[in-house]
Amino acid sequence: MSQLSLKVEFGGGIELLFSKKHTITVELPALVPTDDSTDDQSLMEDTAKEKKPANLAYLVLYLRDRLLTERAELFVENGTVRPGILVLVNDTDWQLEGEGDYELKDKDNIVFISTLHGG
Amino acid sequence: MSALPLLDYQRYGRQMILDGIGFPGQVKLRKASVAVVGAGGLGCPALQYLCAAGIGRIGIIDHDRVELSNLQRQILHTEETIGLHKAESAARALKSMNSDVLLDVQTVAVVADNARELLAPYDILLDCTDNVPTRYLLSDTAVALGKPLVSGAAQKFEGQLSVFNYGANGPCYRCLYPTPPPRETVGSCAELGIFGVVTGTIGNLQALETIKIILGLHDETPALLIFSALGTPPFRSIKLRSKKESCLACGKSPRIPSSTDYVQFCGGPAPDWVSLGQSSGK
Amino acid sequence: MSALPLLDYQRYGRQMILDGIGFPGQVKLRKASVAVVGAGGLGCPALQYLCAAGIGRIGIIDHDRVELSNLQRQILHTEETIGLHKAESAARALKSMNSDVLLDVQTVAVVADNARELLAPYDILLDCTDNVPTRYLLSDTAVALGKPLVSGAAQKFEGQLSVFNYGANGPCYRCLYPTPPPRETVGSCAELGIFGVVTGTIGNLQALETIKIILGLHDETPALLIFSALGTPPFRSIKLRSKKESCLACGKSPRIPSSTDYVQFCGGPAPDWVSLGQSSGK
Amino acid sequence: MSQLSLKVEFGGGIELLFSKKHTITVELPALVPTDDSTDDQSLMEDTAKEKKPANLAYLVLYLRDRLLTERAELFVENGTVRPGILVLVNDTDWQLEGEGDYELKDKDNIVFISTLHGG
């Protein structure tokens, strides 16, 4: 089963939710469970679960379940990123790429950035 | 086309010989009017370069007063102007640099009740403010008045820059952020801290975008510039969505009531974490 | 570690609460000394933000006097200081903003005979000059004194930024440009023109690089930042070569005679195209 | 024979030598004549000339011979770019990539930029 290696970056304060890391590498199987489960078992190649191509919506949940170290409600709200967070796919607003439905490709660069308001 | 005063050829000669500016460009700058909302970390450098370039009329809108803690980044204010209104302090500095520019000093807060009237006289609006409610208010007002909004923001070591409500399909602030962030994710400069050169760089670039719009040199592509002072690379340009049909402000069926309480919309007044002694940074 | 005056906590509080600065960072800034060579388009904004951030000692070195044609971008000078030395005019503005900073006003030209002596007292040098011979001289002097050189340059709508002679393998200006460009490819700001916000942005970023070096936040990777005010994207970061073993200044066997005539080395004095009436831009 | 499509950019004044164009696309055969000739004839697939992989040194000569509109001596000197011009390959100084010997790849981004000196 093929794997995806993604460069995931955080900015504008979102890094505080992920151990202050600005950049991480995430390895995901190209096919993930249709029920959006993110545990090791479900991500095994030989799981009995139904599969779908890994998309951005899944990545958001995976980050929340597996890598978030601070309060989840400051990252995810109603199943997607909370208001005030922009998601960028290879330097393009995810709205132009289908938002959560965007199917991840190997080597994609995904950025989660919080809007700034100070001056 | 109106003539330029003779001294203007001397003063602006270095930019008038540039391709894309020239005599007609200088006349455009002189005829332009710009409102800078916020004379703080972003507003000071933006005002400085707009005024130096010879924009005809500049509105300086800020109801705050200069404090010692501002001087680390708000480079138009001085030790002597501590206690004065920032708009007044900024105007003094600008006047000494370029007495030809007409400066409108407005020492009032921009709120829903006065925003349209305050901003209507200007061609382009600059958002150099420091809080979320005012950012929504300025965007909605820019949409209502049909004017571009050059929006800068800065926090800690990071900055962001966009032009909203500009060009055929340019988004507004609400297209990007239909819902305000949760109140608790929003800190102030006092709580979060701010690096002076970040506001300086973003403020400079706000002046640049403004001048490009005036001169017709802006390519109108919706974009977000992200600046990370400690990052490698420090700058990154993002391609943004177009205007959203569903946007409450600039979409097909706008429905922002004119009396929106922007502070309540954004989760209520800011708790003063600093004086409560709960600032994480202190 | 020395204590900070009480007022400094107020003045610099917004940056002292940042991760990576704090109290120790502010003490480092206070103990640091920086020489800014050139108080023009690049020097003014660099000086402004260095002074605002609380650098302890700043040398301002410029032998030119303020002219009306400077005010379009050299934002520390005013209509009133026209005719004064730029170093003096800049110091006045800086002193009113931050009277704690020790300012050394040097109204002499930096030449081969005085460069080492003038620049030796400072930890970091900023090249904010406007001509090729001085750029070689400052680089050679930085190498000789073993100090980093934060180099900015701007022309028309473009700017460039690099830190030379820094880190284990950082190149010097000569590593990049062993031979000067042909004299005829080199124009002055008067001939070529310059957009104020370009010098503003690069000058700001020079202050940023300087502060990062002082605070130990610089990653030491040799890089060139290219800024194109009308480009999409406007910024681009280039990975640069390391120090060259063959470099005449910083290589294995340096051989720059101390009495090098930099002007002759760069092809002789600049022909004054503007007064000859042959400037292509006019 | 395979073709290379290169994005070539000019900055810092070099664009003045190329009809004020900041960006052009250059199509080159992957193999070019060993004698560095740049005429149409020599670039034909069926030329009898000996071939070598196209490198940066060849691109410099090709640009000079075929696309330069102003004085060549302000671009090339002694067979390479004149002093004061930096060459960048995919945002990296060409010195790190072998300078003129760098073998061009399809979709490479090559920048010729003049050092600026003003302030």
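Per-chain numbering from 1; labels A, B, C and D assigned in written order.
Keep this in mind: a contact is a pair of C-beta atoms (placed from the backbone, for glycine too) under 8 Å apart; a residue touches a chain by one contact, two chains touch by 3 or more.
Everything numeric here is computed off the predicted structure, so don't read it as measured data.
If you average the Cα atoms of chain A and of chain B, the two centres end up 32 Å apart. Averaged C-alpha coordinates give centres for chain B and chain C that are 28 Å from one another.
Rounded to a whole number, the gap between the C-alpha centres of chain A and chain D is 41 angstrom. With touch defined as above, chain A holds no residue shared between interfaces to two or more other chains.
Among the residues of chain B, those in touch with two or more other chains are 156, 189, 192, 194, 236-237. A linear topology is adopted by the chain contact network, the touching chains following one after another without closure.
The set of touching chain pairs reads A-B, B-C, C-D, using the touch definition from the header. Residues of chain C touching chain D in their complex: 38, 40-43, 128-132, 135, 152-156, 158-160, 176-182, 184-189, 192, 194, 199, 224, 226, 228, 231, 236-241. Residues 7, 10-21, 45, 48-49, 52-54, 68-69, 71-73, 75, 77-80, 96-99, 156-157, 189-197, 200-201, 204-205, 207-208, 211-212, 217, 219, 221, 223, 225, 229-230, 232-237, 279, 281-282 of chain B touch chain C in their complex.
Residues 11-13, 22, 73-74, 82-86, 88, 91-93, 95-96, 113-119 of chain D touch chain C in their complex.
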